[in-house]
Amino acid sequence: MSEPLISARGLTKRYGDFTAVDAIDFDVAKGESFGLLGPNGAGKSTTMRIIAATSQRTSGTITILGRDPEEHGPQIRAHLGVVPQQDNLDTELTVTENLFIYGRYFGLSKKFIRTKIEELLEFAQLEEKRDVKVDALSGGMKRRLTIARALVSEPDILMLDEPTTGLDPQARHILWDRLFRLKELGVTLVITTHFMDEAEQLCDRLVVMDKGKIMAEGSPLELIKAYSTKEVLEVRFGSDRNKEIAPTLRAMCSRIEELPDRILMYVEDGEALLEEILNKKLHPTTSLVRRSSLEDVFLRLTGRTLIE
Amino acid sequence: MNSGISVTKIRSFGAIYVAEARISAMLKWKSVIAIVAIGNPLFYLIAIGIGVGVLVNENSGTSGTGGVEYITFIAPALLASAAITAALDEAMFPVMEGFKWRKLFYAMNSTPITGPQIALGVFIAALARVAFTVICYWAVLIAFGVMSVEQSWDVIPVTIFAAGAFAAIIIGITAKVKNDDYFMTVLNRLIIMPMFLFSGTFFPLDSMPIYLQPIGWISPLWHSTELGRYFSYGYPLSATMLTVHFAFLLALLIGGFALANKTFTIRLTK
Amino acid sequence: MSNAVAIADARANRTGHQIYAGRSRAIIERSLIALRSSTWVPIATGFVEPVLYLLAFGYGMGELIGNVTLGDKTIDYTVFIAPGLLATSAMNGAIYDSTWNVFFKLNESKLYQGMLATPLGPLDVALGEIIWALFRGLSYAIAFLAIAAPLGLVPSFSAVLAIPAAVFIAFGFASFGMAITSYFKTYQQMGMINIVVLPLFLFSGSLYPISVYPDWLEFLIQLMPSWHGIELVRNVWFGDLDSGTLLHISYFVVMIICGLYLTTRRLRDLFMR
């Protein structure tokens, strides 16, 4: 493997006494699509900001394109396109003005930007809103504009912090499609998300973070293999009875998770287990057998569900 | 359902709950509010009262200020203007925040609390801040020997009343503002600032050319200042003018509430 | 290799390349676009404040005060305050732009976050914003002079120098403002700025000669930048250029150097939290 594009060792960020990112190590290879997964407050956005050379680390090392962001911030950022978790569009400007001036920040020529704007407006489906002030856009439109803006400089690395929050399903799929195509062109993607389907679709490799630490690392498939069983049986008995029945269920398989509304049972063969439960006349009100997903990995590692 | 929530209770005390929320938000600013409340009168008295006062005295003695020292002349005006500034702070920002910036009023309105109750709650909280400011200011004036306790205690309620009337109208007007891009800048520069400077604050209104005097007539600050002067050092004011000043402020108060109640209701139900 | 990368790499070995990409122009370009589409109202109304003070204090107070002795001259009160008001408005504008304005764009609108996600460095943003504020101060100073001259408040030709002097004063205050803002995290802390600015204005000799005060207070006032700013503008306004003028200029030169040094050092703490 050639030298990694991004490489962090013992990366730490403290705010006062509070450690937001706690000595993490990771590498991202060129052309790879790398995901950061974790519950609220895990330290994902903080890590993203350090990679993007917009936040100073407290200790540890990190290189992006072989350079230290403390020393070469502007040079590194010239390669990046950043979609922050919270839109930070220029509310005093219109849609096209936002795209235009962002290109100017990168030093791109006016001519180049003008052509680029047309392409980006189409991608973001904002042609009709081109001369509208940003304040007057809907939440999803603002999000699409923020994403389009990150592409104006044709970046080598695209940093996406929860890119699809607030997007409708159609816009999400358009974005995924676009990201796939960028990846084919050799663009490296760094993504955080709360959507498991998104992580499974988009990420070649991901890390699960919790409380500033990396809990696990691998491809979605590897993670599922390592941290979950093949299948999951979900049963509901009604919120009062779940607690009462849980001990019985625990004895029937290697691991169960009690959630407020349902119980998850981890097994290799879900149907067989369900049969067994029905034979015992436990009568769940609903039941479902499904394949393990990243959601289960996440639950195992952090003790939390992703989407509350 | 028995959840301890009493709709009738909220119905009758809604405004109090809103005021409580506002006051606890204000308490985050307590040190700033306290320093302003004490520092403001100190600075103005030493700078304008004494500094400019020396110049006035050298030139025209007390003839331009109706026979009293310059500092005595401006003290009630400075008090009135501090009260009105405090009222502006606590009327404009919360309403902007409530409807536009953080949309707090919509959250409140999704409980049984009504629009007019929210307006009243904001008003009550603003009045509390005004009262605090006025009392601190007055105490500094007493300490400086600019006013005497026996003669001037009634300035306090009168000034609070005037600033309250101003708060009411600002609550009403701000609630109407949809686009806040320049509202505050324009209001400050084109309304508040001229009002501060041309309301007979630093010099008698009638020493200005007649065509500028109407700025004072429609300015709550002028009416408040005239009353303040009357009550603090016996500035001569006819019974008619006394009535006019009170009536103007009362009209502002009532008009402000009428506007606020209507606008709050419409805006929250839309 | 895209243009952006080439531009950034070309500077990679210059001093300060960590925080400066040499492109503050882009920030000014942004301000110009914003001016066209939205910020012209607050900017256009910005110059009324000193004019209102001039009218109120000049014509209203003028009646009560009459003339003021300044050195060996006796001058009309309105003429006395005009240069002070020009200096004060330059000071206030610069303080506002480098503190509240910066704080807002940093924490509320997150505008700077967006700018700093590009090759621009914190120094580009700081310089761009300061230069823009100085442009604004320049136009206010010109407008003020254009109003004061026909009113007969400008006794000397050297008063034209009040325009660069105002910009100079603004630069002094702005260079410090951002450094101060970098220490503040909450709106409440920012509120303290307003409390400091008020005595800076009231006790600087803009509305009355500070000789009315006892010597010790006079001495304290003479340490404050606002007094030097006002005296500087007053000197050029009345054509009283002497060693005092030089002192005021030196005061601001030192202030600008210290302010820029401190601001540059604090920029990463301010912008890259």
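We just call them A, B and C in the order they show up, numbering each chain from 1.
Keep in mind that, in the parts below, a contact is a pair of C-beta atoms (placed from the backbone, for glycine too) under 8 Å apart; a residue touches a chain by one contact, two chains touch by 3 or more.
Which protein is which chain? UniProt says A = ABC transporter; B, C = Transport permease protein.
From a predicted model like this one, the values you see are computed outputs, not experimental measurements.
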Chain nearest the overall C-alpha centroid of the shown protein atoms: C
Chain whose mean Cα position lies farthest from subunit A: B
Whole-Å gap separating subunit B and subunit C, where each centre is the average of the chain's CA atoms: 30
Distance from subunit C to subunit A - Cα centre to Cα centre, in angstrom: 45
Between subunit B and subunit A, distance of the C-alpha-averaged centres to the nearest whole Å: 51
Residues of subunit C touching at least two other chains: 38
Interface hub residues of subunit A, defined as touching at least two other chains: none
Residues of subunit C touching subunit B in the complex: 38, 41-42, 45-46, 48-49, 52-53, 55-57, 59-61, 63-68, 77, 188, 191-192, 194-195, 198-199, 202-203, 207-208, 210, 212-213
Residues of subunit B defined as touching subunit C within the complex: 28-29, 31-32, 35-36, 39-40, 43-44, 46-48, 50-52, 54-56, 59-60, 64-65, 70, 181-182, 185-186, 189-190, 193-194, 197-198, 202-203, 207-209
Touch list for subunit A against partner subunit C, complex: 52, 54-56, 70-75, 77-80, 82, 84, 86, 88-94, 97, 100-102, 104-109, 112, 133, 153-154
Residues of subunit C that touch subunit A when the two form their complex: 2-5, 7-9, 11-12, 17-21, 23, 26, 29-30, 33-34, 37-39, 109-111, 113-121, 268, 272-273
